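The following blocks contain the structures, represented as structure tokens.
Common to both upcoming complexes is subunit A, partnered first by subunit B, then by subunit C.
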Partner chain A sequence: MVNGRSAASLQEALKIRANEKVVPYAGGTDLMVENRKDVTYLFLGKVPELRQITADDEYVRIGAAVTFTEALESPLVPALMKEAVAKIAAPAIRNAGTFGGNLGNGSAKADSVLIEFVSDAKLRLVSVRGERVVDVDAFYLGRKKLDLMEDELIAEIWLPKEGLEHYYYEKVGGRNALAISRISFAGVYGEKDGKITKCACAFGAVADTVLRYRDLEAMLIGKTKEEAKAEKEAFLAAYADRMVLTQGRVSAEYRKDVCLNLLRAFLEKFGI
Partner chain B sequence: MEEISRSVVKKDHAAKVSGRSIYVADYPSDGVLTGRLLHAKTARAKMIGVELPELPDGYYYVDARDIPGDNNVNIVLDDMPVFCRDTVEYIGEAIGMLIGPDEKKVEELLGEIKVYLEEMEPVLDMRKAEKNFFEYNFGHGDVGQAFAEADRVFDEEFETGYQEQAYLEPQGMMAEIEPDGRVFVHGSIQCVYYVHNALKRVLGCGDEGVHVLQDVTGGGFGGKEAWPSILACQVAVAAKVTGKPVRCVFGRREDMEYTSKRHPSYCHYRAAVKDGKVTAIDADVIYNAGAYSTLSAVVLQRGLIAAPGIYNIPNIRIHGTAAKTNTTPSGAYRGFGGPQTFFAVETLMNHIARELGVDALAFKEMHIAKQGDLTSTAGRYHFPVPVKEMIEEVDAACDYRKKRAEYASPQTGRYRRGIGMSMYFHGAGFTGSGERDLIKAVAKLRKYSDDTVEILAANGDIGQGVRTTFSKIVAHELGLPLERVIFEHPDTGRVPDSGPTVASRSLMVVGELLRRAAIHLKEIWADGKEQEVEERFKEPDFVLPFSIETFEGDAYPTFAWAVNAIELEVDTYTGVAKVLGAWGDFDIGTPADYNVALGQMEGGFLQGIGYASIEKMDYNQYGRIRNNSFSDYLIPTTMDVPKLVCMFHVEKYPDGPYGAKGAGEVPLVGAPAAYVDAMEQALGGIPLNHAPFTAEDTLAAIRKEAI
Partner chain C sequence: MDAIRFTLNGAEVSYAGSAADRLLDVLRNNYRCTSVKCGCREGECGACSVLMDGVLVNSCCVAMGAVEGAEIVTLEGYRETKRFAALADAYGQVSAVQCGFCIPGMVLASEALLAKNPHPTEEEIREGLSGNLCRCTGYNAIVNAVAIAAKEGDGLW
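Take a look at the complex of A and B:
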């Protein structure tokens, strides 16, 4: 027997979440096709607090029940996120699918999650007990493994307002639409006074979670472009050495080749 | 444009686009039982037995013991059982069927059946097959001498993979016992009489004991040529046992994993070259037939006849086998054996040209057969071979020669381009003397007292438009408005056997019978009177009789011809190839309806591009096909449709209606050869030998060749 609950406010949703065993959903583009038996769904698609895109001084806050189409139409959402979201599935699915669902699904292939990783996004998690704000990489622990309590809901994704302007993004799917990522890459670059300040590199769909190696990124931080160029092959070799990829719909070997090629393309784009 | 080619609204357009068409799954469920097949989970095993759970009232289990007639499905050799015998031969083989009123309960009970098997080592590699279902040898000239005298000898291997038909509507069939005891079967079908004849054998009855109706069918592409016969027998046995209507509609995963697909192939070619020309081809062809022979004989025949391509090679030796493996039976798919060998021979010709340092197109042009030349089976090309003109038309459309020369210069960037070409035929109609000796098609026209005319023919509209084009032909000859000509989906209870809906034959063969019938009816037309006319197939006088023993004679009365060019850009960082343009010039004779024909060409060409590039399917070490869903087996979406230019070159066939000849299959056949040719050029001229050629293959080639 499948039951459905729905909530008109966040408070109501949190109460239900605290008192019943429910599977939260909004667009249902993944969950509904699973056709699970004996579950109670909690529909969040009409919760106003989860449906807003707002901005404060530091962050663009995307509500968990905001659809991909809404994000594409919002002037607040950074171009990098829009570029990734525009390649999700097909228009009908983008009209229904949401940021919270993409995260909650717990897949390293989720296209919006890759951008959250590379941009050091934070997540606001709420429950009747209160709320907490966590870094996305601390939340996203592995395949279907999330740091989300039984009574919590993902409320917002916080993307930094600044610092995402210079990026390189590539999704490799099996075709041009309705394609699950086989490899996805996002790199964010920054420099100040001739020195590299940021070189964030995230790899999606190649392991249990999105991969990011901050210690390797640090190899280029604080360097000039010339210094970075000299370091480039060692940098790429360090990634080659570190990345242990899984086989999926394509081989681990193919994934690794592509990851390293895209990493190189990212450096090349910014003159390294 | 000929008057007949002017496009009309398709007869089934309104019902289909408005969602009113009734497919087999749409019939009301009242009183109808659901049947679900118990599929074997092991590729090869001795069957010991099944242990059933307690079946509630109204639930039934049927298997081989319940078959009233003979446990063999009539296809070619009749070796495929309705329900498995004492061995399991592939993963998915039907052991039995569970039937009951509630689908979920049926599924639940199905999961509780215990199957006892003694597992055996499966044969999965077609090159290590213990048994060949079919083996053919033919040729002409003196191959041995040609190789002995050759300046150079080329030796190459080629492989192609599965291709899933991916029709919109999965396999589905329904059976009921009529009050007079007749078994009525209807569903998603290409060939009603194939199903009809299969049922007779399995039910042990005559023509009077059974009739078969084609429901509205959501695509077939060959996949509903043989499989519906199997499923029809299964539901008919279930209806016999239960005495109630039984319906079985496959789920998508079930359909993709267990039903027939295009034959994977392995081809070993040797070619002798003397004075810059190919003097001999020696081809050894293996098609993976899967666990039962089904249609493999005829698929292999068509592939072998195409093995030397469209070239006039004086000495040829062709050897081919349909290998038995413990995998799902391979079957018909648009092109029917042609795409595999055309890929091999076209690619071989490209490689020889490259090795000789000559332009591949000029090299091929030197070898193209012309009217009057011998075919591979020592028949004749009775009609003009328009390929050279078609090459010029394609060149004019896409600047082929200029781009080919341009992309031949060394490329070093991330994105690299190539353009490739293929040229080929598709033999129109059944292979050999099948039309004359086996099918003997009959078609009728029945005029009612209100002066509407009904077409009585067995050909099913599976989206290719025969309801429309047949009606157009009859309306044209009788001078009637199209709406006064009726052509319903065929029911063997009321239409004669005009043969199956296969082999690009319906329009050319049956369309011509209808044209002649219409002329006859016009001569005897009497207003307000009920009248009926009948036409029977007669082989054209020019045809040289074909012998299947010696493979000599005209395998086909005529051919549809095609030239394809594909231009692509490869991302050497990801291996992803973007098709920049695909140009297809198709000679299908006179198009019976311009839009219908164009739709066939575009759709078929796109399927070919999918087959060449992203449609990859394989089985694992246990013989299981794992990518059995549309998220794992990718076909092109609308976003993947490249600039697709389809053109018609009309070489009229005098024995087809208004000059029409086979059209349905030809657009698919040549894409892999053109695609891989373009890919080779983009990758700097390295030889490639398999299709599909995926993004992963591209990076593997780059890694291996250090490009």
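Take a look at the complex of A and C:
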């Protein structure tokens, strides 16, 4: 085909990726908005290795070309991811849009990427040279800047199978359907023997990348709920201090207020 | 260079142009499927909805290279079916069509919804049509039409 290459297997796709200058195309829903004429797309929608959802002992592995609709219909995908994916755009976009594309687009507004940040997801990147597995937060170097080599493809997203059961998720958009996140928040909570074991907080659409501050999360780890309550205002103040937000469609001040409100709502949902 | 082969409304066709071209433009300009409307070119209005391998997609956000081997159905093909007749009758009963620009997309979104869920609730109908914007009707008549089609066309889906 003219201005396009298509691959029927991952091996074939990687060879093309290694030898030619191509733009990986999975669902097209972001790429076609840009509608660049001077590119050669590498069509990945028919690569079977990228279209599966599988599970091993530790992770649910979502292929990069799996669509959001397919994920919603899979019993393997965690409820937190489904809740976020169900709010992406509208059915026709969810039928085409993919997890790999959401990552590859490099935006901090990507709704599935927020969940990957809060879940400590890993990404499997492949090339003819081999493969590597990276943490999602290390993969995002900045706005539209990804740790992806010219010959690599995103192959799989690995979400932990356990530990995502207790969560709080909110997407703030301008309307119900077809809404681009203005602010999004996901929190994951865990406790064992009366002590907090997990308090992951991720903020989307408010800076160049999704934000997570592990040192601030650590303020509540190991504490009882009563101890955490005593620490709550200091915890929120630490976030207020740390968060440097950018102006986008909405002001940086509005973003910060909403982020802190959502963070407080997350704590209160779990009795803190 | 091999042309891109696909099925359009049941007929086998091939496209020799760029794989980066939008399906929307090719359907309108090369195959004269003018039921497929261009509203926004960014996947936000649903006016260009078509069925691709039975799945609803926005044709403005599909590059031709992704269409290789696919089965595309536009309203020009869908209108030959009994399901279309049931939807057309229901849309007519409640005057769900005003200017008509969004209607080909609405009808195909209705089909995609009913094919998956033949007896949707009102909420499910609104969700199924949520990617299709209409600036005339205020949506209620269209939602009612889909409910009527599901009832009177019972067994078709």
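Things worth noting here:
Keep this in mind: the second predicted complex is superposed on the first by the 270 of 272 C-alpha atoms of A that agree within 3 Å, B and C clash if a C-alpha of one lies under 4 Å from a C-alpha of the other, contacts with A are read in each partner's own complex, and residues count from 1 in each chain.
The rule is short, and it goes like this: a contact is a pair of C-beta atoms (placed from the backbone, for glycine too) under 8 Å apart; a residue touches a chain by one contact, two chains touch by 3 or more.
Keep in mind that this is a model prediction, so the values were computed, not measured.
Of the two partner chains placed around the shared chain by superposition, subunit B and subunit C are both touched by A:A90.
In the superposition on chain A, A:A265 contacts subunit B only, with no contact to subunit C. Residue contacts after overlaying the shared chain place A:A177 against subunit B and subunit C alike. Of the two partner chains placed by superposition, A:A218 touches none, neither subunit B nor subunit C. When both complexes are overlaid on chain A, the residue A:V128 reaches neither subunit B nor subunit C. When the shared chain is aligned, subunit B comes close enough to touch A:S251, but subunit C does not.
Between subunit B and subunit C, the partner in contact with more residues of subunit A is C.
In the superposed model, A:S6 makes contact with subunit C only, not with subunit B. Of the two partner chains placed by the overlay, neither subunit B nor subunit C lies in contact with A:A79. In the superposition on chain A, the residues of subunit A contacting both subunit B and subunit C are 90, 176-178. On subunit A, the positions that touch subunit B within their shared complex are 90, 170, 172, 174-180, 183, 249-251, 253-254, 257-258, 261-262, 264-265. Subunit C contributes residues 1-4, 16-20, 22, 41-44, 46, 49, 55-58, 60-66, 68-69, 109, 112-113, 127-128, 130-132 to its touches with subunit A in the complex.
Interface residues of subunit B facing subunit A in the complex, by the touch rule stated above, are 414, 572-576, 614, 627, 631-632, 634, 636-640, 695-696, 699-700, 703.
If you check the complex, the residues on subunit A that touch subunit C are 1-6, 25, 27-29, 31-33, 35-37, 39-41, 43, 45-46, 69, 89-93, 95-96, 176-178.
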